[in-house]
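Taking it in order: structure first as structure tokens, then the write-up.
In this document, chain identifiers A, B and C correspond to the written order of the chains, with residue numbering beginning at 1 in each.
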Amino acid sequence: MKDRLLPYWLLIPAFIIVLATTIYPLAYSFITSFRAWDLTKSRRPEGFVGLDNYLYAAGESQFLNSLWVTFVFVITSVILTVVLAMALALLLRRKGPMHTFTRIILILPFAMSPALIGVSYRFMFNPEFGVIANGLGAVFPALQGVPWLADPQLAMGILVLTDVWHWTPYMTFMCLGGLASIPRETEEAARIDGASNLRIVFGIILPQMRGVILVMAVLKTIFALKMFDQVVTLTGGGPGTSTETLAYFIFNVGFRWFDMGYASALAWILTAIMMFISIWYVRMLLSERKMATA
Amino acid sequence: MAEVRLVDIEKKYGNFLAVPKQSLTIHDGEFLVLLGPSGCGKTTTMRMIAGLEDITSGDIMIKGERVNDKPPKDRDIAMVFQNYGLYPHMTVRQNIEYPLKLRGMSKVDRKARVQETAEKVELDALLERRPSELSGGQRQRVALARAIVRTPSIFLMDEPLSNLDAKLRVTMRAELKHLHHELGVTTVYVTHDQMEAMTLATRVAVMRDGKIVQLDTPKKIYAEPADLFVAGFIGSPSMNLIDGAVQSGVFRADGVELPVDLAGCKGVVLGIRPEELDITEDAGAAISGKLYALELTGESTLVTLRNGPSSVCARGHADFEAEINSPCHLAPKDGARIHLFDRATGERLR
Amino acid sequence: MRKTLAYLGERALLALISFVVLFPIAWMFLTAFKQPRDAYSLSLIFEPTVQNFVTVFSEPWNLGSMVLNSVIVATVTVAIAVPCAALAAYSFSRFRVKGRKFLFFLILSTQFIPAVVIVLPFFLMFRQLDLLDTRIALIIVNLAIVTPFVIWMIKGFIDAIPTDSEEAAMIDGASRLRVIKDIVMPMAAPGIMTSSIFCFILTWNEFLFALILSRRDAVTLPVGLVSFRTERGDLWELMSAAGVMITVPIFIMALFIQKHFTRGMTAGAVK
């Protein structure tokens, strides 16, 4: 009889951790999102205000700006990362000493602290003594003296760049894993049938990689939605609010202005977006698998 | 006395009935083979005996004792798995020693027993190696050694030879047979290979869709298959099964005309083994058709002839030669067993 | 001719990729060993010095205590998360118990929850309990991020282990717990090792929690970077030296698990 309960006993420690560190705080912040609570005024939560926090968000330009910034960031960084990763994986799947070397060093960007990446790029794009800023200026005179991080569009570009630099290697590994699971025969058969390299990539390989690409895109989307670390260390949300992502905006509301109720509501809006994408992702995966087994 | 009795056991996975209600007694010292195609429930049946799978209803009795609720470790059984189930992180010695260790045997005794067992299966030179450094046959021996080291009262073997190459399989088969003879332990053996079943078994239980369709000695099963399924499953090349009808004591099909011991019946399948057919020049022979293929197997030639939809195979002399597509005739040997089955139900008619 | 061209093109491309990957890292390492005046020039020729490292480890920067905080937080987090996760992963992988799918989905979906959502209530709670700016606080919140992730990863590894050996052990006379201890854990050891390192890297690099929940005593390395932004401007050479301290141990670990890298991650994701 003891054996029948064992599966549950094994789950308990992990479940307690998840319950205490995730479920409980989630519930707490959900409730807080319906209250007014300015931490600078009161140590305890004030009264319930219904949907006020959410309604306020709907009309607040800074929130809408952060939504837009997040949207732009997610779209560009996901597309760039996935496409680059796919291309890199196709290049790297062959065997060879240089291929192996590149594969090994690719792990480094992903292991690097995102906060540190932000700092490094900030340094390299410094218009006075940044190595990239000056390097580009030397090669392309038109780019001399460009105030990289002081320009809204360019700052966003560099933010995306740091993220792509950080994530592409990992996504490349996922692609390589996917490529390895494609049976070699189909590709070889196509080659014998006289298909060109390009045709093989677009006609044979990519269709079989659909599932992997989908997983990559959604995972990347979820992580991109949370973008925070580099915003703090690279741009500080600026210039102005041009790189203020949703996560960074919530951080500001909560820990600069100490409006806990509003911050909780914003956090739940972000959560809802992520949940929506996650559910959609699981659905897609399931139907994809059905197709694969059919 | 290690007798295993399955009483009205049944196994369901949700709504799927894997093993319908049935009983089976495995006698003490017997080598019982569960034979059937994959997915027929033979492995499930064995795993229920082992205690690796719960039974939905019924009782399992080992040595007269009900063991339904006993975990595998308390059933006094040993099992050899299809993929050996070795412990990859332990040496051969530690692998063989593990069951003894779990039973709290002293270190000195353990060492002696491992040595003794290893010698029995010729592993004594490999004791310090890891499973990954062994060949398939050697791994198989380790699995065997681990099973016999603690002298259990029942052996369970789940397709133990299926991962070996053909040649090794034959050698190991003989070793298993010898081992059973030497130890005399009740053995339940699962396989889909009818050759293994025939050569090893005291009795064979042929299974289909979870049900035992015939339980008998190999000889009996070969000579008197209970139904069409068993007839087609046992023997290599398999029994010729010809669709036809019986009318006034004669079986007729395209190119076949054979007097049989049955008055009349439609929808009959006639079965006759290739080795019980002779090739003749006699145009009036029971079976005629065009020669379709000749396959030399070494000690004989398999002659296949076709007539319409039916094709019949005979085992002929190794020297037999003829033109493909030339007319060819076959006749049953004297005293050949001719089986008749009902096509619709598969049941044996005669 | 065409073949050699394609060959050279491929090499050139690979070289370019390696350059893009390595350059920012290399530049940071170089800067860390430059004297302040060289740090602001772009020359590759300079007199290397370890002065920056000496500086960051002394007052007022005190990188030593940040290193200690990072090491303690990451190690304790791993030490708590991995054993609990391994047991849960085994249960998820091997038993078909009621509610298993729901539980697994619940635990997995918490991985998709943004850290900002969790950190707000934790900030309030820790303030109440007077745990702000302590390592314990950081360990607790890191567990939230790391545990589901490690369960997922280790489950992938355990799923890949055939059940034969476990069943053999049960028949050989081992209880379930004994099977887990004697058979499963040793067989899953490489996977558990990989997951532990992964978990360590995640915690080590964690920024948001540490930024919000630490002020002075519990500051970890990534947050420490921010303190090199002074009124005098950013002290790049010191930041770089600190960056090297953050990076080196993680790079060594990452290279160590390089081989298992994709297997562990993609197995769970694709299947």
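To be clear about the criterion, a residue touches a chain if its C-beta (ideal position, glycine included) is under 8 Å from a C-beta of that chain, and two chains touch if they have at least 3 such contacts.
The model shown is predicted, which means the values in this text are computed figures rather than measured ones.
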Need the graph distance between chain A and chain B over the touch network, please. 2
Taking each chain's centre as the mean of its C-alpha atoms, which one ends up farthest from the centre of chain C? B
Busiest interface, counting C-beta pairs, is A-C
Dist(centroid_CA(chain A), centroid_CA(chain B)) in Å evaluates to 57
Just curious, how far off is chain C from chain B if you go by their C-alpha centres, in Å? 54
Chain centre separation in whole Å, for chain C relative to chain A (CA means): 16
Shared-contact residues (touching 2 or more other chains) in chain C: none
Two or more other chains are touched by the chain A residues 3
Multi-chain contact sites of chain B, meaning residues that touch two or more partners: 71
Per the contact definition, I'd like the list of chain B residues that touch chain C in the complex. 50-52, 71-73, 75, 77-79, 81-89, 98-99, 102-103, 143, 146, 150, 156
For a test of understanding, state which residues of chain A touch chain C in their complex under the given definition. 3, 6-8, 10-11, 13-15, 17-18, 20-26, 28-29, 32, 88, 91-92, 98-99, 101-102, 104-117, 119-124, 126, 128-129, 131, 134-135, 165, 169-170, 173-174, 176-178, 181, 211-212, 215, 219, 222, 225-226, 228-229, 232-233, 247, 250-251, 254-255, 260, 263-264, 267-268, 270-271, 274-275, 277-278
Could you list, by residue number, the parts of chain C that touch chain B in their complex? 162, 164-175, 178, 182-183, 186-187, 189
Write out the stretch or stretches of chain C touching chain A in their complex. 10-11, 13-15, 17-18, 20-22, 24-25, 27-28, 31, 39-42, 80-81, 83-85, 87-88, 90-92, 94-95, 97, 100, 103, 106-107, 109-110, 112-118, 120-125, 140-141, 143-144, 147-148, 151, 176-177, 201, 204-205, 207-208, 211-212, 221-223, 225-226, 234, 236, 239-240, 243, 246-247, 250-251, 253-255, 258, 261-263, 265-266, 269-270
